[in-house]
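Paired with subunit B in one complex and with subunit C in the other, subunit A is shared by the two complexes that follow.
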Partner chain A sequence: MKKNTMALVQIVEPNTPVDKSQPRLAVGIDLGTTNSLVASVRNDVPVPLADTQGRFALASAVRYLKDNTVSVGRDAKQCASCDPYNCILSVKRLIGRGLEDVQQLGEQLPYRFQDGDSQMPLIETVQGCKSPVEVSAEILKVLRQRAEQVLGGDLFGAVITVPAYFDDAQRQATKDAARLAGINVLRLLNEPTAAAVAYGLDKQAEGVIVVYDLGGGTFDVSILRLTRGVFEVLATGGDSALGGDDFDHAIANWIVQQAGVSSDLEPGEQRRLMRLACDVKEALSSAESTLVQYKAWQAELSRADFEQLITPLVARSLKACRRALRDSDVELEEIAAVVMVGGSTRVPYVREQVAHMFAREPLADIDPDKVVALGAALQADVLAGNQADSDNLLLLDVIPLSLGLETMGDLVEKIVPRNTTIPVTRTQDFTTARDGQTAIALHIVQGERELASASRSLARFELRGIPPMVAGAAKVRVSFQVDADGLLSVTATETRSGVEARVEIKPSYGLSEDAISRMLEESIENAEQDRKARGLREQQVNAQRLLETVRAALQSDGNLLNEQERALIDEQLEKLEQAQQGDEIGAIARQIQQLNAATHEFASRRMDATVKRAFAGRQLEEV
Partner chain B sequence: MANAAVAKALVSDMAKPTSNFFSLLELPLDFTVDLALLSHNYREAAKAVHPDRYASASDQDKRLAVQRSAELNQAYETLKSTTRRALYLLNLQEPMDEEATVQDTEFFMQQIQWREELEDLSDSEDIAALEVFKKRLRQLRGELDIEFAAVWQDGSQRELAERLVRRMQFLDKVLYEVRQLEERLDD
Partner chain C sequence: MAVSLTEAAAKHVRRSLDKRGKGEGIRVGIRTTGCSGMAYVLEYVDEVSAEDEVFESHGLKVIVDANSLDFIDGTELDFVREGVNEGFKFNNPNVRGECGCGESFSV
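After this line comes the complex of A and B, so read on.
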């Protein structure tokens, strides 16, 4: 290992990569409903990465072929009407949702669904039943391969963007998809926040920024305050089932009505009609009127008529804006910029309405198709520790939807209200309702509704083994923790007896841990040898990284330890060093754990010291 | 399990503060807070402990960062709102029993009157009048802050201080209902 000669003055940043000349390969991925994109910071500038034919956008379309191959992108999209059952489009509208939700999306989906073991919709294809998580993973795999080819190496990790309005189940499912694709998720980042980052850093802006993001299948609005590189999300809102696809449906319905054809179309025909509607819509963004031809029927559709068709849809988005504005406590006059993101903001009517509502011309000077991926790439670069001065960027995001528990009478007790800054931990005490009650059932829900039955059900679990007591005597402490990805875990403890239950919220609509492991194993079955070698290498790298972090920490903050504490850590360092040179995965993992345990208190003290330094830095700056 | 539902909460999590939010944010322990300094210090501290700064650190550091950030966020949120700040200060002196039923006759009459007004507004759907109502409540809410600032440190006026906090909480609740009504009228 290289000796750090500057140790006395250098404050070692926790995220610093092992070797500065070799930045870690990190990318931002915009996993869109319609199109997906991957970008990376190169020479300090975020750039989108192209495929071998020079195209940036990858159509979010997956086709399962008979010969067991999978095609992703434009080719798959083009086959949507000839092979409707095996071509999956807009899978993002299905991810993390139950079959019931999907059927309520109010559209005819041309797939054959099957009930999965977890109420998750499974799509029947020639290659068997596929979950939305698996389908998304196919898209991510292609982007990962593209990135590794362009950047020339294994990816260290990726920041993957999700609509701000995604609930816990949708986020978890997205993260699972990334895992299936072999991607180390550095962070799930909200799409509007990513866009704000790209804008804010590019324009050196300060103040309140509103991001209006209308894509193919989702709508998000976020209100952020940018102060010297810190992006504080004040409020977010949206609709995870509102987008350009709905404009298409509005036109398709109009065609069906006007042409007097049956609305009950077979899947291939349905897809052809949607395609036509989409073309008409996009044409109307530049033309005042366009000729619509469907089978033997034809008619002119003017922009004004189209605007009338989408008025209620755009109104829905504006309503969400007003709500976010109220939640943020920001006055209209305080807004410094309104940023437009997403392909559907190309519709002139959308821009007009947004301009009218915020009383200012919205900005769209960074390509609205790329801005999310670019922002994600910037964040990925910071998280990977590639930026010398990581003080330049910090994102403080919020949860979009309240989290709560079902209480008596189908009511919801909100534990974490919407727009609370993450990470967050909240605890609340509950008690038993009956004498001798030995178990308590917890039903975790998300959303703004007052009734549990009307809310999104995330998980149910039970705390058992409570000693019998009179009603009201037991004290059950329920703790909700939401991490920086916006993912929830819940624990419940009966504090008088110490009985504890813990759940990582695995939403009822996702894949089980077993299923993911199985799929991961299946996908690398043929490369058993390879897998072992890779596992060992990964573990060795982990060990190396930990060794270097701890040593660097000792050099800069060793004074926080007394001799005895120091000796203990040195001993564990030595042991890990030895294990790391061997080829026993288990031994390395054990020593990593040991070293972690030995440095627990040290890490805690260092973090306190970092905070003190942060304040000290400020005082110097202000004198 | 027959009884699926859980009974109502007993104690809120703020009853027993574990560490002092003021010192965490490097602010003097006082009801009057310099809000610009509060958010400035919050951002500085967040830069030091946010999980993003530990994205490629050990799992241990990551967990710790989540914990510290959550604590910091709670501190910030508590001190940002004058209601929560007031309650927090009283709880530092001596935990306040929030579930206790206390007589506040004068205020009780007020409450009834506001409720009626709110119901009328809900029926009439008069947005302009709702705006006026909201302004009035905000004004009263601000006056409570001033009253509280004058008495909270005086141990002999503890009862009054607690009464003011309860009034703040109630007014916040009415203001929240006003917002919900605004949302409904926005349809």
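After this line comes the complex of A and C, so read on.
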């Protein structure tokens, strides 16, 4: 038979009309924190789609009006100062997050949150309570309508981009929003990967690609490796609270200071000031200096002064870049290209600093605001089956935080380290800690810390029915599988008996982006402390084990000792018990040695006795 | 006579059905189109009708209408990843030619 060229087929809903003479209308959507875009491949070229006024970017702002209408985009954004409670900005920060996460952000957000009984935070508006999923759906609906109008037909589907950091819950919520908007999600694609695809880097030579994405409120850096047409995400990093908004804040603070006005502004006024700051910033991307007027005050702000204001912010982004590079084990020399993404990379100082750090001119000739949507459009076209012979383009993802198991004494054994590409299967063998142990409790955790209690708990399950054996004899094989969608399942099998247990993990709300960065921060800050804590725990566990073994032995074979010998062991037991409750590693280690020494003779007598018993047993059996 | 699933295909079908939340199984069939005449159809099934044949594969129902069965009997569905495309591949012993567009086939 011919070379395998048959198109791959997808399962569709019954009675789906299929007319293959027309290409399927597929779009890429960049659902951004600040701005959203939709793009599509037309005549083999990805192009952004404009609204009727010729504008490409749709401000990610939604306003709920009294008359039950909803306005999305620039108008909604502009009304944010006059109607702050009903104008929802930056809803991407809220999507897929638990109430608790959002309340932590709440101080900076001028919304009224309703803490209903659902897990989702609800925003009070004149039209009732709205969830972030619903708000996002309003943005997507507008983009879908725009696309259908421009392309002249029903949309087959869309590739929607998400930050590389988005966890399962955030991705799921994004999909839900798309569904609410009547959009068939062909795939969620990481934003950096979309940008690399837009530059056609997938068709180029092999090498490492760095994607530097500084948007309105978030900074993401991704290190990708391209090998034989395969994209692999080596590492992701960033700062979930760093972006152009912070530049605006820096300017706003400067204004407040210079103008000598109170910094305690009501929400509407606050937004007016931020708008002004944002205009000043954008003006400085092309002008060397600009006039700033606020109320009765005015002054000139030069680009150099602005650069000074944002120096620490840009430095933070570079620090995150260095960390991601370290994580990926990539040397500067290996980098083939640096891609600039996000409106804030228009700031000349940002480009200079990035160029300086990576010692090369970054790619910036595709509009950094649109590059993600364009890449997504290319992917959408491939996924919709519109490209007769698509070049191989396999997009692999990584897990953002290590997955592991709690072992004795709150310690974490990492099974799948952070930044491992998925899909992946990793297996590790464990054993029982006590004689006759018939069940093992498995506690699956995620995070970089050494202690389970400091990590995020994903699931607990038990492997039961292990035949009684001496401690250490059972072999429990635990296998972690993370599929291409990032979903984890864990199986545990006792290999001698074949008993098996399994659990699939579906995080209900997942880790927030902040939680991820916070946990990463903490793991680095606490590395030393954790190492010590780990050492201590290990000794405590060893001590506990020894105490239990000796006590069990005394109970069964105490008759092998005379009173004096017994008293000596008891004394050492007591001492070790005390040391074990303290936090001095050295003291515990010493007492372990002491007790070991004190029970040496006892152990060999027990051994003899056991051997005799064993022989006796065998003889009986064989008779 | 049968139409079956590979393990990979079964896994994906099961997951898709779970995600969808309902459905008896999947329908495998053909329709006329493309430059070589026929193309495959793969749909969720909510209701099995009288003229359908139902096969079991890896515990899943594979439903084929009588008309299609002649053309796809013996077909094994696989789920593969080709580059960025993931999808079902039909290993159909009846196929004699495939068209250039990869969309249709003849038997």
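Here is the rule we use: the second predicted complex is superposed on the first by the 360 of 623 C-alpha atoms of A that agree within 3 Å, B and C clash if a C-alpha of one lies under 4 Å from a C-alpha of the other, contacts with A are read in each partner's own complex, and residues count from 1 in each chain.
The rule we apply is simple: contacts are C-beta pairs under 8 Å (C-beta built on N, C-alpha and C of every residue); 3 or more make two chains touch, one makes a residue touch a chain.
Bear in mind the structure is a predicted one, so any value in this text is a computation, not a measurement.
In the superposition on chain A, contact of A:H600 is made with subunit B only, not with subunit C. Counting the residues of subunit A that each partner touches, subunit B and subunit C differ, and the larger count belongs to B. By the touch criterion defined above, A:L383 lies against subunit B and subunit C together after alignment on the C-alpha atoms of chain A.
In the superposition on chain A, contact of A:Q437 is made with subunit B only, not with subunit C. In the superposition on chain A, A:A589 makes contact with neither subunit B nor subunit C.
By the document's definition of touching, neither partner reaches A:L276: not subunit B, not subunit C.
When the two complexes are superposed on chain A, the residues of subunit A that touch both subunit B and subunit C are 13-15, 379, 382-383, 385, 390-391, 394-395, 484.
Of all residues in subunit C, only 13, 16, 26-27, 31, 33-34, 39-46, 80-90, 95, 97-98, 100-103, 105 touch subunit A in the complex they form.
Put simply, subunit A touches subunit C in their complex at residues 1-2, 4-16, 18, 20, 229, 379, 382-383, 385, 388-395, 484.
Here subunit B touches subunit A in the complex through residues 1, 3-13, 26, 39-41, 43-61, 64-71, 73-74, 76-77, 179, 182-183, 186-187, going by the rule given at the top.
The part of subunit A that touches subunit B in the complex is made up of residues 13-15, 17, 24, 156-157, 186-187, 227-228, 230, 232, 319, 322-323, 326, 379, 382-385, 390-391, 394-396, 405-410, 413, 420-434, 437, 439-443, 462, 471-472, 475-476, 481, 483-484, 545-546, 549, 596, 599-600, 603-604, 607, 610-611, 613-615, 617-618.
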